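The following pair of complexes shares a single chain, chain A, combined with chain B in the former and chain C in the latter.
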Partner chain A sequence: MIDTMFIGLSLSSILLLVALGLAITYGAMGVINMAHGEMVMLGAYTAVLSRIWLDANIVMAIPIAFVVTAIVGLVIERVIVRRLYGRLLDTLLATWGIAILIQQAIRLELGLSFFGIHVEGLGPGLQNVPVPAALQGTFHLAGVEINTYRAFIIVVTIALAAVTWLLLQRTSIGMQVRAIIRNPKMAAACGVDVARVNALTFAFGSGLAGIAGVMMSGFKTVFPDMGTPMVVDGFLVVVVGGVGSLLGSVLSAGLLGEINSVVAALKNDTIARAVIFGVVILIIVVKPKGLFSFRGR
Partner chain B sequence: MASRQRYDFLLYGIFVAAILLAPLMLEEFWLNRIAKYLVFGMLGVAVALSWGYAGILNLGQGLFFGAGAYMLAMSLKLASPTSLQQGSDKPVPDFMLWNAEPGALTQLCCINKGSFIWLPFQSQWFGVAMGIVLPVAIATITGMIVFRNRISGVFVSIITLALVLLVRLLVIDAQPLTNGFNRLTDLAWLTIGAFQFDPYSRATYYLVAIALSLVLVGARLLVSTRAGLILQATRDDETRARYLGLDVPSYQIFFFVVSAAICGFAGMLYVMVSEFASPTFMDLSFSITMVVWAAVGGRSSILGACVGAILINMIEAKVSETKALVEVWKAVVGLIFVLVVLYLPRGLGGFAHDLLDRWRARNAEAVPDEGLVAERRDTVAERG
Partner chain C sequence: MSFNRRDFLKTAAITSAAIASPSVIRQAFAADPIKVGALYSQTGGLSIVEKLLASAVQMAVSEINAAGGVLGRKVEVIVEDGASDPKTFNEKASKLVIQDRVATVFGCHTSASRKAVLPIFERRNAMLFYQTHYEGFECSRNVVYSGAVPNQQLGKYIPWIAKTLGKKKFFIVGSDYVYPREMAKVSKKLIEAAGAQWTGDEYLELGHSEWASMVKKIKDSGADVVLSNVVGDSIIAFYREFKNQGLSQATIPICATVTSEIEIAAMGPEYAAGSYTSFPYFMSIDTPANKKFIEDFRKFTKDPKAVTYHSLEAAYFQVFLWKQAIEKSGQVTADGIRDGIRGQTYDAPGGKVKIDADNLHCWLTPRVGQWQPDGQSKVVDAWPEPIKPLAYSAYGETESDLFCTAKGLETAKLK
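Now for the complex of A and B:
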């Protein structure tokens, strides 16, 4: 049972990293970023490519992936999302288009496959990333056998969640983000440079998703379509947790991850996901604003 | 606005005439394909109704499409010759036998747990009826829960999205009953009296084309009724509509259900034309793709959404003939989508309306129209 709970916790960690970015972008900017899952995918591919071209392992790929996906996120915000503020459902559709573009870019090896050039690590096929020896195997903690790699995921996530919390609560830019979450117009009126803060937040959220992708690459195959289920799961976490509430996202990621692993252990993976969807529908119906949300927004 | 409506109906007439006359100019091979695209056009109508007119972005239309498709497919599967070759005098789907426990009775009632729900589908008309009844029932229940609780906007989208993915997983998981990922294939043809609808025949094409014409005109008439106007008022300002004393949820539920029924109907037609039913009908990407078609064609124009769906699929078929371009085409669709949202938020239909209005305004200038001149005088007076 503790085994299962632990697997659930590592699942929750990945969910949380994906959801944190979405929670901030959705909460602060009112943007539904369907291309967020593609950031996870890009992160995973960064791990693949840095192994092939830079001979870097998963741990070293984390900062690289953060930078790469943050830059991609920044470009998306500057070029497209920026023009759509205030049109919630349109952002959903436009970013879905972006998601397809990014997937096809990977599949067509950035278009190079037309000129007969093949980039190792890209293309439509499946990729694998080996886990470094230090993170393989298991260790014992208080009599329980624990998978080292899963423990690594959990530790990284806790560290990143702490960093995000510190950034939001203890820095001036974090205060501006919180102001925008509460009331963007008022924040702008008080002199917050909303456009700049939004761009940075978007980039940061994308970066977190990229890191989630790197960690997923360690225990799942990497392929161009891997992002779509992630963005769906990420949204479910955000909605269940309550829009704009980071604590809510943390708790609901924990809840959904645990439900998933427990049901998967009792029945199977397919039913586990089905149960998740059922639970989410129930929660939205009973508490449309999510389990934890601000009053007044 | 009366003349606007006249133009509208002129356009609808042209469209209906075009799809009914198309077989005269097309080879038989193309008929089957075009019939599929007409079915997708019907999905465009459903999306335009719920998204464009009700303001409900349903990301789970695939659920209703899939429900309609599976209901008819179950009946057609039992009617298929392959179901009669399983060593029983009553039909049993072939995949059930492949999955059956050794020694299980080869009867629909008890070959596996739950196979009895296939029993009524031995009648084709039960399947046809359920193809509408099931989507309508699901939509009614969902609509009641969602709209009576005043859930709106993106939350509706997320609920419908979760619902379609939930059902998709259940269908895949119930492999002994639904053949899961392996789809329902080897279906019989729909039979009315002694006539069989060969999917590659003109008859099937005409069935689909006439069905689409009826749905199209029906939907157009529906939105210009009082209920349709109230619905648009609700879309534009829900709170104000409520304060006017309107029972907003009833209208929303009604149009949600109509849209679901159209999707279910489309699902049945699709099964007739393509001869399979698959869980991919309930993929998230398919439901979003439907919304893409409607967005490109014009979400607030029923005909626009319908034409958008047909057009995109026709171009896709043309492009996909070159193998290297298949993947590129997907990227192009992504790009088109981004560009349409950015630069043509009302889609091609809205763009056409704007052109039409401009053209009429210019015509009106040439032949001065009383009302318009008076209007212009007012504007001048205001400016002055």
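Now for the complex of A and C:
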């Protein structure tokens, strides 16, 4: 039973890892960022490339990936998303387009493959990110065998959630973000520089996705399409948790992860997935705004 | 210069005589290339694998052309892109067979794409050469299957696991679609026949990469060996999770039917070291013919690290079998190729192969490879000779009781 709970906790942490960035961008800016999965993918490729070119291991790749994907996020916000605020469907389509562009850029090795140049670590194939021996296998804690890498993910996720919470609750920029979440127009009227805060929020959300990508690269497959299924799960968590609520995302990730694990243990993963979708539909029907929502009118 | 009607007629007569003379005709005919199709995904998710298969076909054709072609004619490959989509495969196959009028297409990789093109080949009577190991349960007069069927991958493998490795409790795990499910059907018969038992038979969605619950199930089931029919990128997450939950290949080895050199390289060889895979061909087969094949392929694709594997080898050698079939029958038609190819043998990079006279599948040598810490396999067991392909072994087909013969499928035997 403890095993099953631990697996559930691990699934929750992975869900939250991907959803954390989304919770902020979707919550604060109302942008459905379809390219969020591709930010995860870029983070994973940063881990691949920094191993090949900088000889950096997976732990060292975390800050590098954060910086790289935050910069990419900032550029996307400045160039495209900024022009589309308040037009939900247009941002959805535009970010979906960006997602395809990023995928193809990796697949075509940033276009260099047209000239017959091969960049190691890019291209359409599967990539390998080695995991340090210390993070492989298991360790024992109070008589229970614990999967080291999954424990590592849980620790990283808790740390990131804590940092995000501190930023939102204890800094002045965090207060501005919270003001924008509640009511962007009123925040602007009170002197908050909404454009600047939005750009930073988007960059931070993308950076979190990049870290998620590094963590994924250690136990999932790294290839150009890897982000697509993750963004779906991320949206489930955010929608159930309530748009704009960090606490809501944490709780809904925990709920969905544990349900998945328990049903998978009792029946199998396919049914677990169906049950998850059923639960999500039920929650949305009963509470259309999600479990927690602070968005004002 | 004047040019009157009489001069014109004279010239015309001479020219037409020259054109009509038999020797000239034969020459013109000889210079006419034999067109064949190569129908693989050049784009989309499956293009990683299928592009390589297309390269293997093209390499074989270029070797045949360099050696003088087939019946003195050059071979010309028309490459079409299936775009990883069965519907596109169907359209492109129609184009090749109807518009380009080719009698032969080398192509398809997934069973879904093969099933999508099959009606075209059967209705228009053309030949498809299909090189990938697949689940069997097909008996078409218009397909030559050069890859392995379940009895060739499992028939010797499971008794070997039970006897040589001494394993008695199997956990069968696979991706959720027709190939792993058919493989599991055959496996269960063989496991029971070998005096062992199976403790689990579970499936995960194709492309699923969250293995925590499944690996825990394996751990709790008390199985002493895992039979894996998992395909694609799920394999990597599976082997990693297996080690990360504290399971060891030394005590509970994963015995796979699909895991190849490509996935091992992507997961990191330390996760797979000690596990097994059953294939008729491994890159590590230590013969001069295979070394030359690997070297030639790397040169042809200009990739010094290119990896060779079972379906790649089959994509290559099937072209030579096709050539021999035409040379035997003297005809470049589907009927000529079909008659000619029955019983054809060829010395492939991985050893001798033969097209079965009954079901147009390929006789192949079952081998078991154990993955080493360097990511290469070591062939730990090989059957002494190629064995007969039985596409319906899951339904009780045996060598003495054939379901699929040159006459077609005996549907009455399928209960």
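Assume the second predicted complex is superposed on the first by the 294 of 297 C-alpha atoms of A that agree within 3 Å, B and C clash if a C-alpha of one lies under 4 Å from a C-alpha of the other, contacts with A are read in each partner's own complex, and residues count from 1 in each chain.
Just so it is clear, a residue touches a chain if its C-beta (ideal position, glycine included) is under 8 Å from a C-beta of that chain, and two chains touch if they have at least 3 such contacts.
The model shown is predicted, which means the values in this text are computed figures rather than measured ones.
Visitor: Have a look at where A:Ile7 lands relative to chain B and chain C in the superposition and call it first, second, both or neither.
Guide: A:Ile7: touches chain C, not chain B.
Visitor: A:Leu126 contacts which: chain B (first), chain C (second), both, neither?
Guide: After superposition on chain A, A:Leu126 lies in contact with chain C alone.
Visitor: Taking the superposition as given, does A:Thr221 touch the first partner, chain B, the second, chain C, both, or neither?
Guide: Only chain C is touched by A:Thr221; chain B is not.
Visitor: Considering only the touch criterion stated at the top, classify A:Gly137 as touching first (chain B), second (chain C), both, or neither.
Guide: second
Visitor: With both complexes superposed on chain A, which partner does A:Ile281 reach: first (chain B), second (chain C), both or neither?
Guide: First partner only, chain B.
Visitor: Figure out whether A:Asn268 sits in contact with chain B (first) or chain C (second), or with both, or with neither.
Guide: In the superposition, A:Asn268 contacts both chain B and chain C.
Visitor: For A:Leu93, select first, second, both or neither according to whether it touches chain B, chain C, the two together, or no partner.
Guide: So A:Leu93 only meets chain B here.
Visitor: Please indicate which partner A:Gln169 is in contact with in the superposed arrangement: first for chain B, second for chain C, both, or neither.
Guide: Neither: A:Gln169 stays clear of chain B and chain C.
Visitor: Per the definitions at the top, what is the overlap between the chain A residues touching chain B and those touching chain C?
Guide: Comparing the two interfaces on chain A, one with chain B and one with chain C, the shared residues are 124, 268, 270, 273.
Visitor: Quick one: which bits of chain A touch chain B in the complex? Just the residue numbers, please.
Guide: Residues 32, 80, 83-84, 87-90, 92-94, 96-101, 103-105, 107-108, 114, 124, 228, 232, 235-236, 239, 268, 270-271, 273-274, 277-278, 280-281, 284-285, 288.
Visitor: Residue numbers of chain B touching chain A in their complex, please.
Guide: Chain B residues touching chain A: 57, 145-146, 149-151, 153-155, 157-159, 161-163, 165-166, 169-170, 172-173, 284-285, 288, 291-292, 295, 324, 327-328, 330-331, 333-338, 341-342, 345.
Visitor: Quick check on the complex: what are the chain A residues that touch chain C?
Guide: Interface residues on the chain A side: 3-4, 7, 10-11, 14, 124-128, 130-131, 136-138, 145, 147-150, 218-223, 225-226, 229, 260-261, 264-265, 268-270, 272-273.
Visitor: Report the residues of chain C in contact with chain A in the complex, numbered from low to high.
Guide: Listed in rising order, the residues of chain C that touch chain A are 45, 47-48, 176, 202-205, 207-210, 212-214, 216-217, 233-234, 236-237, 240-241, 243-246, 262-263, 265-268, 270.
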